[in-house]
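This is the structure I want to talk about, given as structure tokens.
Order of writing sets the chain letters: A, B, C and D. Residues in each chain are counted from 1.
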């Protein structure tokens, strides 16, 4: 298996299966001298954790990260940051009922076909639990990128959509909502939809929106590794993500050139010239 | 500038600006012994060419590719395939009117900011003309991937949408339509919409759909470099692309899990076990 | 810090400092189904370990490896193999005497200059202890490369040189010698030289020779990534290695073309045609 | 074939065969604004050229480079620099005598075995002529690295050795000697040795030494991609190179630790603290 790394200068490599001893990662390329806030890292891990509220899966993954290298006296040293998240309940439950069958909508069949080898203990490497490693690396990246503000929230659940304007989203309200939609009324509708669907043993999809501010002009490489191409790749590598759009997105496809034109904003532009 | 390469095993590196001497590419990793059909390569170049019909830009780019290495007696040798497409009219027109101003919706400002250096002759490296190199590499890739069938067509222009089912698209009809929508009626509506918008000096967006058949099970890497993550990155690296979806796409976000479930198709499955 | 990975298809990334919690590694790209012999892995770790005999440093590094992922029922699964070697005595001794000075012949000064940050607990990331991770990965690589036979031995210590012919080295005798020279007489001379130098509190250099058999024809890439260029890079990345030669090596520089010519060996050649 | 690129930030990819239309390269990552001195680039190409003097092969390769991209008004633009060197006499001579046999000491057999395909027109991709591309990239790199002084010279031919001290080599004398040894007496001995060997239709090996000054402290990555490991890989990737040493080199292997110790030079050190 290849493709377990992401990034060039700040590069994360991940390892681990949902039912192995531990998941872990190595961050190569984090500069020296970044002060780490371990409380925040754990808070981010808790935000990812299943079982946080009544509207999500009740599976419990009580995660804490152990750093093994790259940190001295609370600061990064510039050397690779190795870390693990121990799987507290690594004992496979009784998996004998799926040992001889593939689960639909899962990677079981494809892994078996690709590697000629089956680890039948749950999702293994294809489990979305792998993202726990990305959360640790992402929260360190945020500590490094002080001036870049990244805020994501749920903007759709099923047919219920929060119709926001970028400049008017109240990011402080995101965490107030168990579904993480900053608009109170929409959030309540989303929660009640999820509850009613959950009652029938079903689930429902949604859309996450992310607003990034403070990005330096010219970030990303201009041809293949455009900023949005790399962002798209990152998002599409998360389990169950089926689409990615940025800027005007698919809506832009029905706009005229005259409407879509990206004219200079004189007041912002002045800052750069 | 980094990021001028794409791919790992079959890797394309591109170079060239819209108003330089030539655009070109190097394909590293193409196996030896692939028989190249140069007529098809030129046909693909013609399909990309602006100025083909009355509904597109009338700019003329009459391109032909010259291969410099990696081919012997009509077959690839396994060594890197270097090639160039000479810019026939490389003389910059009079660009003095834009030499001191940045065009909106273009990369002029960002390039200047990022590199501290301005090549004011048109789009330069940021011109969509760079895709001419991708067309050459893509058509060689298709000759290598004999069993994989890749067909793309226009499925939306503005609000006009061709509502197709994957298994019913008649790929043979794509080239019959100057807008490249295989459904005759929709194609005519799209063309007449474009004509009316063009009359007003405006343009309109659209959506391209692509159906890929014959893909081996397990293609792509399971974590970061998932097949669809790499495809997404590739598509999002094309100028003006604002979104990418695959499978159920954004529609999937409003579906219930029970509807979205990807159950095994017994007759297809039988082939693999 | 970049550059903590080696290899393309079978890729090792390493992390950890000599006085941190653990050293570790991630092997990405090991095929599924390789049966691992954990006894052999530990034997290889013991062969690397300082303090094995009276002629080497008496520092104790009693290492054992803990695998965290990529293995199921004793076989590799194809997913990344994460592993750690806990630093048993991670408590830094009293390093206050070197906290304010750089040790000559060490990387202390250069690290401080490069990263603007000093981890003064011993060598840290620049410690040769990092090679413990390479030993684990190397022994797994050997299990994968069953037909390739790799044997290294000490061929020089100071001025004492074992003047061997490739086809006559008795690899079975290497481990009989604490200095790991398979020729008994030379080995004894080397040992007695080291002992006499050690008595004076000094050390002495040496040369390691390696004979690799069973290599498939055409291994390596023909231009920049030639087999011997990659081997050279690997060897030169080990602490204190100052030179690398292969084939005729530096001796070849004083040979005539007619002597150096690499003619085909008819009996070997027959196997391939 | 993979492995036709070298470098990470300033990356060169090369293509072309000795008897194809052209050799060429793409430099990705050269910063914008570097003023190129085309006279110097051509001078460097002439220094590489076979047939310069009576002591080398009389084959003629009269090379000139044509730049296709990445340069505007004599300066680099930051975009990839594509360039080609046309093979002036690309018509294969009559190669029918080697079409059915492999030349010893050449890559013919190995290429055929590896790629299952034979381009029998001379060395093809394995020809040392590929280095012409490296010369172009190297001379641009030198224009970028103004403060780093790189000087190479011939220090041995056969058994004749110029026994120099780093600080006393007169780099200005290198080009005065057709064998490029800056010591007049040794140079004459080398030339007369080569002439006498050439008379017998034979050739002889040699050693090239290189002294690099002005290198910033901390250049290179500390673990796998050490500066000398990368330099070694680069040198070992040049045809016919059989060994690489740096610093004390193989001589260091017979030194005692007390002699080999790399103590700080107070006067140099002062500059950094």
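One rule holds in what follows: a contact is a pair of C-beta atoms (placed from the backbone, for glycine too) under 8 Å apart; a residue touches a chain by one contact, two chains touch by 3 or more.
Keep in mind that this is a model prediction, so the values were computed, not measured.
Annotation: the chain A:chain B pair of sequence copies touches via predominantly the same residues, more than half of the used numbers being shared.
Ranked by how far their CA centres sit from the centre of chain B, the chains are topped by C.
A rotation of 180 degrees, rounded to the nearest 5, superposes the Cα atoms of chain B on chain D. The geometric centre of chain B is 38 Å away from that of chain D, both derived from CA atoms.
Mean C-alpha positions place chain A and chain D at a centre distance of 46 Å. Centre-to-centre separation of chain A and chain B, using mean CA positions: 28 Å. For chain C, the set of residues touching two or more other chains reads 1-2, 4-5, 14, 111, 114-115, 125. Pairwise chain contacts present here: A-B, A-C, B-D, C-D [touch as defined].
Against chain B, the residues of chain A that register as touching in their complex are 1-6, 8, 14, 102, 104-105, 107, 109-111, 113-115, 125-126, 130, 156, 158-159, 197, 202-207, 217-218, 220-226, 228-230, 232-234, 236-237, 242-250, 252-258, 260-264, 272.
Residues 1-5, 9, 11, 13-17, 20-24, 26, 28-29, 31-33, 66-70, 72, 75-82, 84, 111, 114-117, 119, 121, 124-125 of chain B are the ones that touch chain D when the two sit in their complex.
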